[in-house]
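Chain naming follows the written order as A, B, C and D, and within any one chain the residues start at number 1.
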Amino acid sequence: MTTATAGREVTYLEAISEALDEEMTRDERVFIMGEDIGPYGGAFRITEGFQKKYGEWRVLDTPLAESGFVGAAIGAAMMGMRPVVEMQFADFISCAFDQIVEVAGTSYYRWRASVPMVIRAPYGGGVHGGPFHSECPEGWFFHSPGLKLVAPSTPYDAKGLLKAAIRDPNPVIYFEHKFLYRRVKAVLPSEDYIVPIGKGDVKRVGTDISVITYGAMVHLALEAADLLAKDGINLEVVDLRSLIPLDQELIYESVRKTSKAIVLHEDNKTGGIGAEIAARLAEDCFDCLDGPIIRIAPPDTPIPFSAPLEEFFLPKITDVVTAAKKLASY
Amino acid sequence: MTTATAGREVTYLEAISEALDEEMTRDERVFIMGEDIGPYGGAFRITEGFQKKYGEWRVLDTPLAESGFVGAAIGAAMMGMRPVVEMQFADFISCAFDQIVEVAGTSYYRWRASVPMVIRAPYGGGVHGGPFHSECPEGWFFHSPGLKLVAPSTPYDAKGLLKAAIRDPNPVIYFEHKFLYRRVKAVLPSEDYIVPIGKGDVKRVGTDISVITYGAMVHLALEAADLLAKDGINLEVVDLRSLIPLDQELIYESVRKTSKAIVLHEDNKTGGIGAEIAARLAEDCFDCLDGPIIRIAPPDTPIPFSAPLEEFFLPKITDVVTAAKKLASY
Amino acid sequence: MDLAVVAKEIKPADLLQMYYYLRLTRTLEDRVTALYRQGRIVGGVYTSNGMEAIPVGYASAIERDDIIAPYHRDMGAFLIRGITPGEVVAQYLGKRTGPTRGKDGNVHIGDLKRGIIGFVSHLADNLPIAAGAALAFKIRGESRVVVANTGDGGTSRGDFHEALNFAAVRKLPVVFFCNNNQYAYSTPLSLQMPIKDVVDRAKAYAIPGEIVDGNDVAAVYLAAKRAIGRARAGGGPTFIECKTMRMHGHSEHDSAKYVPRELLEEWKQKDPILKAEQLLRALGYADDAAFHEVEERVKREVEAGVEFGEQSPLPEGPEVLEGVFADDEEVSS
Amino acid sequence: MDLAVVAKEIKPADLLQMYYYLRLTRTLEDRVTALYRQGRIVGGVYTSNGMEAIPVGYASAIERDDIIAPYHRDMGAFLIRGITPGEVVAQYLGKRTGPTRGKDGNVHIGDLKRGIIGFVSHLADNLPIAAGAALAFKIRGESRVVVANTGDGGTSRGDFHEALNFAAVRKLPVVFFCNNNQYAYSTPLSLQMPIKDVVDRAKAYAIPGEIVDGNDVAAVYLAAKRAIGRARAGGGPTFIECKTMRMHGHSEHDSAKYVPRELLEEWKQKDPILKAEQLLRALGYADDAAFHEVEERVKREVEAGVEFGEQSPLPEGPEVLEGVFADDEEVSS
């Protein structure tokens, strides 16, 4: 299979769109549902033109009812379809929480009904969306057995992970970061590929300190790494890509090498994914740690609307620089 | 105020009932809502006789609609009432998730509307309830700003924390452990008292290893401590009591003393509260740690029904003993 | 039911088979209750006592490839779909031979090979799932139908609304049954909804609604047939309210003191098994000897089931860790 | 509206005041839209253009101690309840003087002192809250009423169902308005629900329903008065569907190409301000000069508001950390 845009630079957003398009062509069982995804093409225009191409029954505009259409996707998945549902904003996933954690997450475990569905969740801040158009809901689902979670940071990963998610026989929540939609670009391979779920990626090889992160924060870490390089501090940036299953081996390998770890994310700090990573390191890599495990994450508040507040709330390059310098002194 | 049962030994369940009763008498604004709490007295009979005593409008049987009645409680709280809603089982709180995290948790932060409400959540396993009558949902809310969470382990704490929760101007989820309902008893003070939210309690003073835990696991830790004492290992058992706000100082104090920590809980391991505690220790108490921070918690699966499965799933005394012995060797 | 209608619309063998399943359900559930009383079963035991005609009626009306999305008082439907009494007992006892291998309990039984969507305790969650299964059939152009059931209580939940609305907008091939047994646990209908007939809920979705005598298996069957036929023909969903009464407690620990005794007395006269026998007798399809024979047969089958359940092995602890995720051989395809 | 009825039921001053608020709303929202186009406002800008009569009508009908639970196209109601244009602009600009001090944006405005329940983006979440506020009044025996609003889209959510059902069962003093502007974002009514009139949803709850011309402020006002009166008298909830049309895009970034131009043309003729002017003229309450005066007045007020908003300080970063929890002085009491 070759893609329409082979050789051309595509945005993160286009990469998502391409993945969906190619999978719908490749596999008849794939269909998409959500609010305003039909003629309108979705709030972010990811499915623009899809309804014309695939028809009204493979591109369904739903009533405004997240629990209902997520539940419907589960039912269709049980019958052998491969639904991909779009949350208009990830924030509204709270309305479908019960269906996701109680039904989608437990059906295979309890009675061997696999639920091969994907929930696309446009998430994250930095876009002045305020408390209900900027949420990072991944922490809740990270603590819910039976769900896979992925969160790409690049167009390459965005495309490859969405394809892998659609082909996976389990429910997968696909966290696509709104801030990255049009801000990151790349030339993608012309042939079909997937990025396997459960495999992280070292986005920058380094020797001194491991920064473990995902999503938009990967870019923050890379920028910080460039700055720190000038001070002779050499960061390794580990992009988790998959949150569940977590690529524990990759994390451990990196920290065993650097002996120092920063865990960075955009979701609220307390009970976030960073806590789990720090806890695992504190248990399994205790002997190789040469300094405290520093977490960088927003405080435990809703994400605020006003620019100076949002800026204060979100992790900054300077936070990474400061933490790295502190660790370097150990 | 003196209680009806002054001087008599009461169960954990009776302590909850007493707290509710006394608060309803003390404060007209307190009213209760839920499924089958009226004439029936609730699935666990905690509100038996309440409707007779307080009338139909302070003890409301609701339709089977958790989101609706939690939302209604929020609205009533905004109007100055002090609603206490009962989940028939904590498991069903997923149906009210959106109202709890998005509305109750954010209203004060955004527009200064305080939401003085309590959600009683009968939770936890060990009662052969299977996947949907045994859940520990606290981890989700631990990661949701604006909510307070408490989880008593004794009749004294159960009563005092419920009273504090009812008097608190914020939304509080009160996790009452079903396994403890009739299994723990105590003579309670005859005068009115509260257990302040945000304060943990050392349930056993020790010197060698801190076990940080809450709920039913406190008793497991205490039993393990008795066993280990015979081997000359002296556990300190820290009962968190409040999960949000967390009594960080008490935890740090204990670990600074013992230099070794076990974090124990019944909720799933990944992304659980134990991860946060371990992460904080790994960051803030790194220099005082003499061994890895060991977490003991169930695997990342739904809690199973069948006895041998549930037994395997739940933390055991031997898990604590093994971990303590491992730590003692550091 | 009008005898002539029944004679015309239902084959004698089919009606006799329904009678058999009514008896099998009753006997099995009574036996499970006895095990519970002996302390052999822990946890909830939810029976369909007095309501057996509803699952037996609708499950008898579907075709082989159709799908059911039952709730917790649908034992008859499980049995008709091929779940054996032995599997039921094994499930209650947490045995590895139960449909969930000990992972889940009581009537949380699902098996896609036998056309059963397993349900979660969270009531009404099964309704969007049912709509989605029907959506799959519609998208693929298959002529299969889904039949879902809910209690009166479950209709107060948001998922009920979202499911029926979606199914109606898309004219999905799904039939919604409602087992209106007048109580949700201890809560009478009057505190659950402001309407007398649950079927009035369907008006919000312009879904055709029907009230049937839920204790009359023939009536349930025929209503199901009509609605399933309409769904299969592309006519969209139907809502069928079955008036009935819960004759046991909510679960077997519940003495149901809150139900007026006269109400129970009244409904005892309308027992679905009694009614079925009257019908079969009146139609001349069966006599006391035949009933007795069925009784003996189901007793044997239930006892064999109990034996199977009891002798089955329990799962072993480490099985907890198995099967959280479906394996992903598919991914590489 | 029938002139005689209006003349009899609405005081001239009240009608003139409604006209003023219609104009104030329009002018303010147009100005906010202009700020958005200039890039001065980031994020969503949801206006009530073409629908102003609904919030103005219902908010004019309530008493001082009543409470509103608005949604995102209720600017007129905010203004009537005392939120100033300056506060609105400050809110849009994320200033500390906005009702949420920069914590939240756009029309997420709440202030209990002015009887406004702030809403979250999650549509229909405000409806159970409204029912709960009404429950508080009922428990305390106060004669206060809650008026809530939702879009047509929001009625598909489970919380709509749970709220209306609960309110109806308990006969709570709450009036549910529905702003049926024929679209939820880009989705036409036909894909949202199987019924033509949203008011049919109310049948499921035996709640009295009414359809009114949502572009006629007098009609909305009188319907609100009737329903509020019934609620106050203990008659329970009412559902009022206001037929209207969204004349702008969903948010100001949306060109709404999916709406047929003829439909917009048709509704332009029914503009609520135009209609109000026709009514006021026909009743002899006002003439062009009076309208012009209102126009000048609201322009001045809006400009003053913009100035206030622009000159207000932004919050400072560390304010993020303030106010997650209400303080607990109460606890020790």
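Please note the rule applied: a contact is a pair of C-beta atoms (placed from the backbone, for glycine too) under 8 Å apart; a residue touches a chain by one contact, two chains touch by 3 or more.
Everything numeric here is computed off the predicted structure, so don't read it as measured data.
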Most distant chain from subunit D by Cα centroid: C
Of A-D and A-C, pair with higher C-beta contact tally: A-C
Rounded Å distance, subunit A centre to subunit B centre (Cα mean): 31
Distance between the centres, which are taken as Cα means, of subunit C and subunit A, whole angstrom: 40
Centroid distance [mean C-alpha coordinates] between subunit D and subunit A, Å: 36
Subunit C and subunit D: spacing of chain centres that average the CA atoms, whole Å: 45
Residue numbers of subunit D (touch at least two other chains): 100, 103-104, 108, 120, 122, 156-159, 161-162, 165, 169, 191-193, 324
Residues of subunit B engaged with two or more neighbouring chains: 62-63, 65, 67-68, 91, 94-95, 98, 102, 106, 109-110, 131-132, 145-146, 300-302
Contacting residues of subunit C [partner subunit D, same complex]: 156-162, 165, 168-169, 190-195, 200-207
List of subunit C residues in touch with subunit A within their complex: 67, 69, 99-100, 103-104, 108-112, 117-118, 120, 122, 125, 127-140, 146, 158-159, 161-163, 165-166, 169-170, 323-328, 330-331, 333
Touching residues (chain side subunit A, partner subunit D) in the complex: 35-36, 38-40, 43, 61-68, 88-89, 91-92, 94-95, 128-133, 299-302, 304-309, 311-313
Subunit C to subunit B touching residues, read off their complex: 42-44, 94-95, 100, 102-106, 108, 120-123, 153-154, 156-158, 184-187, 191-193, 258, 314-321, 324
In the complex with subunit D, residue positions of subunit B that touch it: 31, 57-58, 60, 62-63, 65, 67-81, 83, 98-99, 102-103, 106-114, 116, 145-146, 148, 164, 167-170, 194, 196-197
